[in-house]
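Some structures are shown below for you to check.
Same chain, two partners: subunit A is paired with subunit B first, then with subunit C.
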Partner chain A sequence: MKNLLKLTFALVFVFAAFTSCNNTKSSDSKSGALASNVAEKVYVAPGEHDSHYAFISGGYSGNLTVYGLPSGRMFKEIPVFSQFATSGYGYSEETKPMLNTSHGFIPWGDSHHPDISQTAGEIDGRFIFINENNTPRIAKIDLKTFETTEIIEVPNSAGNHSSSFVTENTEYVVAGTRFSVPIPQRDMPIKDYKGNFQGALSFISVAPETGNMDIKFQVLMPGFNYDLSHPGRGKSHGWFFFTTYNTEEASTLLEVNASQNDKDFIAAVNWKKIEEYVNNGGGTMMPADYAHNVYDEHTHTATSTMIKEVRVVNPIDVPGAVYFLPTPKSPHGCDVDPSGEYIVGNGKLSANLTVHSFTKMLAAIEGEKFDGEAYGIPILKFEDVLAGSVEQPGLGPLHTEFDGKGNAYTTFFISSEVVKWKLGTWEVIDRQPTYYSVGHLTIPGGNSGKPQGKYMFAMNKITKDRYLPTGPEMEHSAQLYDISGEKMELLLDFPTHGEPHYAAAMEAGLIKERSQKIYNLEDNKHPYAALSDADTKVVRKGNEVHIYMTTIRSHFSPDNIEGVKVGDKVYFHVTNLEQDFDVPHGFAVLGQNTSELLVMPGQTKSSVWEPTKVGVWPFYCTDFCSALHQEMQGYIRVSAADADTPIKWSLGEDIE
Partner chain B sequence: MKKSNIIMLLAAILPLGLFLFPLWKITLEAPQYPTPLGMYIHINDFSDANPHDIKNINLMNHYVGMKYIPDAIPEFKIFPMGIIITCVIGLLIAFKGNYKWFLGWFILMIAMSAAGMYDFYLWEHDYGHNLDPKAIMKFTNPDGTQMGFQPPLFGSRDILNFKAHSYPQLGALFLTLGIGISFIAYLVGKKRHKKSLTM
Partner chain C sequence: MKTTLKLMTVLFVTLLLSCGGKEEKKKEPISYGKKEVPTKVETPKEAAVTASKRIDLATKGVGPIKSVTLGAEIDQEMVTHGADVYKKMCTACHRTDKKFIGPAPTGIMKRRSPEWIMNMILNPEEMVKVDPLAKELLMEFNGAPMANQNLSEEDARAVLEYFRTLK
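After this line comes the complex of A and B, so read on.
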């Protein structure tokens, strides 16, 4: 008994010693000279610019946010799939069509994976694409104006998650479906899922000059869940790789039922082969219904067109086009290294990280060494395509990015860390904690043949105690690491907006040079634009009243309007005559049921107002535009529905 | 052709550079304009240093009641005529005249340039002082007189939140060189004339 007590004391003492030792160590690493060096690495002096842009998806905010690295400062929120009252996006007459779908107007979206356009395997900073997960859509943002200029709905898809990744010359932006569904959609029992549901992988062509998107073809795959994807590059250019889970084809309690198979698949799709097949008339046109919304930068107006058919391809009709690579345990991220040789399957329930070899895959296909088939698609043998595996690197691997120097960086959701490992030798080099439960990570230039491997940032799902508390709901955290050395170094912890699902990033140069300052008035082809004060007018068409209005420091023209009646639909078409950088004017009228407008120099935007009450109602500029911003106001008189007040307008004189 | 006449020929041609390059530039700096506003004055035109600068200068200036910079002024017709006429005279002198005529052309050019500068000053003064009585903002000098916003004729000056710079450009250099070289032509010609007398 005495011995037992002694032993206990000894053990407690030893533990205490270890604990205190650890404490000292950890507090040391957070202070002193080291910490101040780290501060210098992220310090961007006032007035100076960050070296990199980061475009971080807003997840369930539906938008895309623009950050600077290394400072972690947010510069802009670009509205994409959600209405945005700040600018009037999705509220103004011009931008409402952007949010049109085959399900009608949808004010919200779930944006996930931004990807920057590429030329010859390098990111070129022209466009950024992003997917909407919930009501499947792909958007294109023009990085000249940082505005969403095109959105295409993806038919036959559901849970548009393995999207929107571009091929190395931006030939295609690819969108895969996470949820398989009946194709075409029909009324059928859910329990008949297996064998009846299908998953569509959509290849959306991007016109080289304009960037215009068009669904070239959809590959109708077996009813698995296509989780993530990445293009082949370099030697594997022409292929696309998709991870799958739920190869069990369960339709209920997926957390258990979709976790039964020891291995799911990575689908390797030879899109060049299918493209050739399609160019020769292959595939079938299938009735469909999807919206294609295009914003014209000259009319400042979007139009929405409904398209009624889509070309679909059955993969077994194109021999040699699709193969399955067995990959352990419901792989999530599907990442291809800069050389195009290695395809990393991040098996989220697996203890090891599986890496396939493109060369071995081709050899296995050549040798026709198949391990059966699934719905007519050949399954390659796991051992034949395996390049190697990283043994027990962490728990819950999700995503991998590359630094272009032969290293890979994988996030581990459960063990909340980023692990650096070496391609080819599969050895773990370093690990750094994240705070907490990291999802995606981004290295500038990540999805390309030439990553710009100076920084890496991890985007987390859980924030907890990282910042001053803000009640139960808080922004997610992200951590920036310096990866220029052998070991990763944590530099900065910054909050993001919405859910920072994934991000694309690049060196600032290309985008910065091209960024537009104003819209030229001479190029304004908006049908309701007033290009000078002389063009301003008020026109009645039945119960519609169109007000052609201009703004310039510091007045509206006209600013006194009469002759509007209760029950009218009043269109304020506001043209900003300014031609100076960063001089927007805003417009708001009392009782407006939409949002304000924020009109950039040279731009025209329209807001509809349906007055319900007789009176004289003020309107004003919402943007603090000048020293006389407070004076930038006007009145609109609303008469009774049966009144005969004539239409009149003026500026600088009393209405007579 | 005599050496001095060749020099005079060069002198007569150089002012034509005014049709290729701006004469003057006025630049306005302020904290809100990281890229300063600027206006070039050509012999026959005003132009933006950067797109829309004149429009933006007008927008700024209307607060204190300054008139818009006009699209055209009579000088844009008179000045080019003056330059062409003096150039033709210069050419005639270069071919036909002697060094005394060179001096005459030199004096003519000096007089005309001075008149031009005076005219420019008058316009600037009017532009800076003849303000709209309904101006949004009225400023007075410490002595109670109305504050003027005349840009400097030459050099730099603070005007409220702006720092205004007014400096000659390449066109003016061509003109000055032309005038200067005509004087050299005169000196060379005179020296040669003396030489021929003593010989």
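After this line comes the complex of A and C, so read on.
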């Protein structure tokens, strides 16, 4: 009997072992052929890295978010045009000047079109530029530190939208105005817009070594709306193309009044020609008022300089520099293919996509076959410059990107889809739905001569049922497609932050290698840094009290401070003495009117505190830094305004 | 029956004894993870001494430093550099002659091997996980971790030379 039982157990065991083996095998092969194949394509195993970075604009958040592809994981939000409590950007004394403008300190911005710097037509991963639409500015983010290091205000501009795209050697980052305005600004009746308002196209030079920005010249164009732009490349390097709408020059009810003309224009600007003109003393210096804010990586401090003049160029003074290419129905996107031959203008209200030929444009200019002029700027004949049209591919075309293999991908807002079509034959190859109402799309290496076309992602304006509901407001949704095959394959939905407009993306290698891990204490030239414990002190200057403070796991030095009075302006200058990757310390004091500070290893940041009440107030580290993080605290004693408590500071006086 | 009881008692006592023996062994802090320690006999006495006071010149620790040769004379140039690095990178937690966040370096050369000291400076994260002495020190100093200040080997060597002057 016992033996029989044993036998049965043994048999059952063996059987179970075998069947479980079988099960594993069959489920593996099944998933390989079906749905989980898609999951594998976006699966990045724990601890492994994504293959691409994506930098997605934050729209009305004013920031730039960093994602990994193909996982769709968000790694960081880089503050650019908005105050950001998480790091203290725009709140700390060092970064407040970054948000200075000719209109004063502005805590917010609307960021739209990030573009990565290029060398010889290929993206090089050094800097990323992004435009602020509302109070026109261009920012530069250093991809070594992922910090905003420069912001330049753009005078004479309004609605800085056809920005911030770089030329193929990052000679210029270009910023065009969406709204035309009186230049210079003046008090005048709005109804006198036509013929009086102008649109400024700004060419901001970028110094090759440092990346420092400077407005080299502004071309003052007729009062149209300059919507989007892209540089020529390869054969068309030296030219820049801008879509226009409202060539009707309406100042009211644009949704009707700016849709009257059958064709608006793409403005082709030969910037090399204008640059030469300017280098020979051409153009005029015009009074202006704009801020140039630069963050110094050695002093960890930004300075804001007001500039009082800008060079402007009247396009009719430079013959052969600017032409208009008629393009149907209020074109929005203005995209140039990797070879530089084709200029795609997506007429928002047009049934067809219009593609112009650079070669034909040059021939038409050569033959001087003009179809009249607008404010002295020659208009080329539509038929003479047209390369071809993609016939009725969808509704509401917006933006086009390229895969470098002869294909173009255009988003259609109204019909919610991405359409793949072939350059040269203009035939539609594939179409895939988006969920829902897609705006921009991005292919890594997008605005360059060498797209890295494995992935494409579409950024949608409406999310609705794609995620669990979060009340009336939903984050916008992006969708990742595999474009390595003939057909596009939808791989993943992922949420984005704020409202993404354009995004820039690239293979991770270059950026990953250069990414900085700490700030070297040796290179810290902050005037208020305490580089070792011996440098810590408290100094009173009138009613200003400067506290030179250090942090390391897990204490502040000093951590007991006395002698501060109500009405004082207390500056906490906090230096993080850590020299190890990813060990920031935070700082916050009770009643602080600004945000906390998050201080990176080797960095110094300052926070102002104006105590209003007598008492003993605590400060502490806001970032869980070590097992003794909860012990990382201190006290500051605030005496009455007329008290004579002496300045005193200490750390660990009672130890042994 | 009686014999069975006796036998049981003997067994039980042996069990107790062996338990007690094990407990005592647990108190020897460096008896685990060390393979070539013939000095084990002395360990019960040492257990009473705190890790920071204990003398162990044999252990080299784990990290990039496998062997260090100390010159017969102290290299004064190196000492100056080492003192400077120590001031900038270490004084946030260490005072030369008194216990602060971490132990005082004065007399350290009499308690630790040069290799152990440099490995503790250059590879603290792994040391406090693996090296029995470093583990004990972490507990003795309230769990305050030795921070990795990313010193170069050259700087760490200079700090070591400076420590030779702290007697």
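Convention: the second predicted complex is superposed on the first by the 620 of 656 C-alpha atoms of A that agree within 3 Å, B and C clash if a C-alpha of one lies under 4 Å from a C-alpha of the other, contacts with A are read in each partner's own complex, and residues count from 1 in each chain.
In this section, a contact is a pair of C-beta atoms (placed from the backbone, for glycine too) under 8 Å apart; a residue touches a chain by one contact, two chains touch by 3 or more.
Every value quoted in this text rests on a predicted model; they were computed, and no experiment measured them.
In the superposition on chain A, A:I552 makes contact with both subunit B and subunit C. Between subunit B and subunit C, C contacts the larger number of subunit A residues. Legend: residue contacts after superposition of the two complexes on their common chain; A:A627 is shown touching both subunit B and subunit C. Using the contact criterion defined above for the overlaid structures, shared-chain residue A:V44 touches neither subunit B nor subunit C, since it reaches no partner.
Once the two complexes are laid over each other on the shared chain, residue contacts for A:G652 go to subunit C alone; subunit B is not touched.
With both structures placed on the common chain, the touch criterion links A:L531 to subunit C but leaves subunit B unconnected.
When the two structures are aligned on the shared chain, A:M286 is found in touch with neither subunit B nor subunit C. Judged by the document's definition of touching, subunit A residues 518, 552-553, 578-580, 627-628 lie at the interface with subunit B and also at the interface with subunit C. Across the complex, subunit A is touched by residues 35, 51-52, 55-56, 59, 63, 136-137 of subunit B.
Interface residues of subunit A, counted against subunit B in their complex, comprise 518, 552-553, 578-581, 627-628. Here subunit A touches subunit C in the complex through residues 518, 521, 531-534, 550, 552-555, 557, 577-580, 583, 626-628, 652, 655-656, going by the rule given at the top. Taken in their complex, subunit C has these residues touching subunit A: 87-89, 91-93, 98-101, 142-145, 147-151.
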